[in-house]
């Protein structure tokens, strides 16, 4: 599908829940800050006609619809943004790509490897025809992380040796918090692993421009039953509350990843520490305007992690926003994502991260699950004395 | 050996390098701050007569000696504080215990499991005769960590679910940093694992009053050759630069531990995070006067990690020092250690951590090495595309 | 002017530079997140026809215009949002209020006290007819500061004794940074004092719900000449680079305020510390999602400043945005401001801060200038030895 | 008095309370870490014979005595360290100097300007005879602050423009905290001003190597009556709880200082921020091993305050202590002070800070009191509306 540069691109979004709201916000605002190809927020799609109509009005879409297929058939739609649940991704994405629509799909690519592979094949085929696709790992568009990638690519860390990543949340801390579709394997695919460890893993690959050669992992469900809809009845939680991952990278670096939904007091703390032979970087998503950089090439006397407030016109994406020190928020990463997606489409280039990259992350997650199931690395220890003070003889 | 409470305890220390200096400082100062049984800094032992004589004068010891055996034979020595290298621990400690001397030994208990087991047996036998022994995991005497243990014991965290510990240093970051005995397996036993991960593991057991049931681990040497004494000649590094450990605890909690000597910019960062159903704690040794506590039982609106400056008379050990806000340093943990050791001896009680506890940590370290050698948990991945942007079609 | 609740409110904004962009962003997004009365972004006004037309398209306004008077004459305009320079405020605001338009005006209210008094009189008169007005001290809408005000009002700090506020920026650090209208008294009114100390002073009054009884102050211009447009020619800077203010409050509390545009490394650091008999609060605008609260009523053993991530549905304004831990940015304060303005209009209530409150801040600033000019508090000291080491006899 | 370098210097200390304990600790330990001239802890002086005898034994002094005059008469005493209350300083110091003893006196130099001037004259006279004297502003010996001074002297900050200093404590927050001699003008001289603002002022002069030309100030007693020893009876507090100071420096820089004993939650927070044309520094005594440095000469993209853990052998004083990252505490500043004092004596040089420097600080404090009493800078404001929301018409 070739788009005349004179016709605004018509955009449809599928889904209006949390991610639909975040993507809509990005579409509504991107052109106010960035110089992007002309587009129109044509239609928002959802299953409940009244609700989606209300959401469309609220979020800046011209129309609403209840059938995503009808939207894909429209000639005035050039871009489909898929914010629907993971089990719907494959069907919608392949249909849209075949119909010649550029596709942006929220992560994870799909709930199963098979579906993800089908989507990746469809994307490759479409790409050959100039139809673009991208997966929504929005944290690649955090300016501080984009700056981190630049510094690493410039060799400022020297040889990267190890990476410590963690994604810590606490919304499942309360054991009385009820059962939801997110806690069932059949609907959610996995727990903390797929939902948030996936972000950390994608970041590591992005920041280091590296690939994974070996994987080991462990998964744990701390609260294995939770209240169901029937009063008094407990249901089984079938996904992990927490995940521990160890990755060998092709470069020789080693990365550890820990993800949790029961890390009490941590709200949305994606932390990354990267240690190289010449310097280091650390980051925390709860303070996403900041990057900490340690330059080990300056004299020892004055070395130290410096807090870079990534908020200057010199920093990635920031020239479009506010004067220095006027910080941006989490939602801005989606605006940057749309900007990069539109820019690539206009340039006829393939945006990144591609479906291949999304599939790659899924292979890694699958390997974690395989390793965790095998438990082959666990050495059993006999029962022993604890640290309790031994009473005097 | 029974000590009349009227006779001051005679103390001998073996070793005057880094640990000897730190222990001597504690002996020299403990009675100025704490109400401890009377003792005398009798003799400091080292191999080089001139150097040990000078060190003795500098560090407050009445005499020096070059043969530790001669010291153990003396009737006026009641306590032997072993700060010699790990491979000498077993011989000195067993001889001292048999001679009826109370023994404090620096960690690790010994370089081999066999030696550690012998020492533990000797300690048990001696204890039955009222002769006490202790291993020097001095970080148990950090006031903030002692407070953490109290809060956990009082149930303030509820059920502890997971623990994240790391001990990060950077003194081996420079690949040109020369070969030393600490980097050879035969002299050092292990690398970051035994030297610093051991501290983190002991802390976890101490803080949670728990024991380990399962272990998995990974070890890595990032710089596998370093300059030897001969110009231009490289020697093989045979211990690990970094270690990753995953522990199952008897309580059901899971702990991860990461240790590194190449974490550029981290100087002595022993960090511990403990997540429970009702609250959390975090700590960093580089700011050892601070404990961060999140109490999840207060209203959500006002929840948050609070920085407790553990520097009040109400806090463990602090009543002896300075007014609030006048912070203490790393060396004070050794002073507290001597205080607890002397107090236990006076009370006829067995001090903690015992040799059994030290041996227990060594079993865990051995299991890490076994797991790391097996590599059985590692799942291989085929080569894949990296995150590099794929050029447009 | 009565507005039927069925007719959407027509909005006009005057100005499209920094503040115009920030206000436009708020108008464009407020209805996507908050339940506000219906309104329409009718017209954006600016002097350059092409530029304002482009800005209108970019920022979501239906039309553009070059004459603000023509806009005030329109019946379909019910709200005028004044983002023009300070010297234009009085004329536009009084005309708009007389024409029955609700008015939002950026701070400062005006460049002179006389103009500000006229505007306040016009606002009072208009208010009697149901026409509302508000001044844009947007930092009142930082959720963390709104929470701070709630906690203080609930008595959580007990008797507030002193307040330390500072607003530190560094955009004038470079002495070669060129002359601008902001550095001339006739165009800017004042420097750091009016531009940023004003925000700090308004916050103190807002947080404590208090008023000022006594003022003293000092002003300083560190770089008193800067390059003008003619190469090699320097022009005089006639406003302050930094200001120091001391305020007595009616409650008996005392507040200090320091503002600077040459605080190298501080980008937009509005810091507030409030010390009371039962607790304390601290805040920094560079981390605007965080409020630090010290509750001195909990046992001393566990007291400490806690970092509240003000990002929960329980917190002011936050229910409308994203899940916990997904932080918001600086621009969101304007969205909250529009929400509160619209809500007050719909309810027929007078929004706060009123023009009276804006005028009040200006009286305080004028008193600072009076005190600074008098220099009556300065005690002269004779020349003395510095701290230099005195050489030995 | 000439001391043969072969005879150890005999030291006497007067006073064994808080400061006596801190100074004794320094004398007991300095030679274990630093290469200093030989000395002996001869005698500790106090008024209560039993208590001082016990303290002497505990703190490492060979003898105790109750009459300071008798000590000054002894030939084997070469150094007198005065830790007695301020009102005793003048008499002891002048007698000791006249007797040819080197004198170290705790700050403040004296409780009155007259006494301080007498002492300074005596010190000048003694210095001419090779008898040295020093005042104990121990924070000059914080390694991080010594490093700060070096960086400033090297021009790393460029032209220093302004300094923000605060010394915040909270031990008087509780209004029920009883009356003590520290709260009466006749015994204490002043409150927060003399006790802690003095430290901040001395630091500013030390760090910038500058002098004060103009002073203004304000003092406040928030809790003006406190419980006396008689049940139910309140006594008047006659010193300040908090002080605000503004200083013009000879270099053209301006410094603000705020001191408080009712800053709830701040324990011993001496904070210093120094802003220059090329860089900045910040420091907090509660984390005294850290210095934050912002180097504005590196590219903007990577600028930021860096946390230097001032704990490397390259840093002032640190080579004598422990390996990097093993932090030191507050008490170490006294050890450094004794080291510098002894080193100067051995070299026949005058140590710094001299009595002249101590007197200089007292002149500044006196000027603050004069300015505060005059209240001439305060502009009165009429009663005005607070920030309370004005109800709608």
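In this document, chain identifiers A, B, C and D correspond to the written order of the chains, with residue numbering beginning at 1 in each.
Keep in mind that, in the parts below, contacts are C-beta pairs under 8 Å (C-beta built on N, C-alpha and C of every residue); 3 or more make two chains touch, one makes a residue touch a chain.
Predicted, not measured: the structure shown is a model, and the values here were computed from it.
When you average the Cα atoms of each chain and compare centres, the chain farthest from subunit C turns out to be B.
C-beta contact counts were set side by side for A-C and B-C; A-C has more.
Centre-to-centre separation of subunit B and subunit C, using mean CA positions: 53 Å. With each centre defined as the average position of its C-alpha atoms, the distance from subunit C to subunit D rounds to 39 Å.
Between the CA-based centres of subunit A and subunit C the separation comes to 36 Å, rounded to the whole angstrom. With touch defined as above, residues shared between interfaces to two or more other chains in subunit C number as follows: 266, 294, 303-305, 309. Remark: subunit D residues 18, 22, 24-25, 28-29, 31-32, 58-60, 169, 171, 266-269, 285-289, 309, 311, 322-332 touch subunit B in the complex.
Against subunit D, in their complex, subunit C makes its touches with residues 127-130, 132, 157, 161-162, 164, 166, 170, 173-175, 202, 205-206, 209-218, 220, 222, 241-242, 244, 246, 248, 250, 252, 254, 256, 258, 260, 262-266, 273, 275-280, 294, 296, 303-305, 344, 347-354, 356-357, 360, 363-364, 367-368, 370-371, 374-381, 383-393.
Contact residues on subunit B toward subunit C in their complex (touch as defined above): 147, 151, 292-295, 299-309, 312, 314-315.
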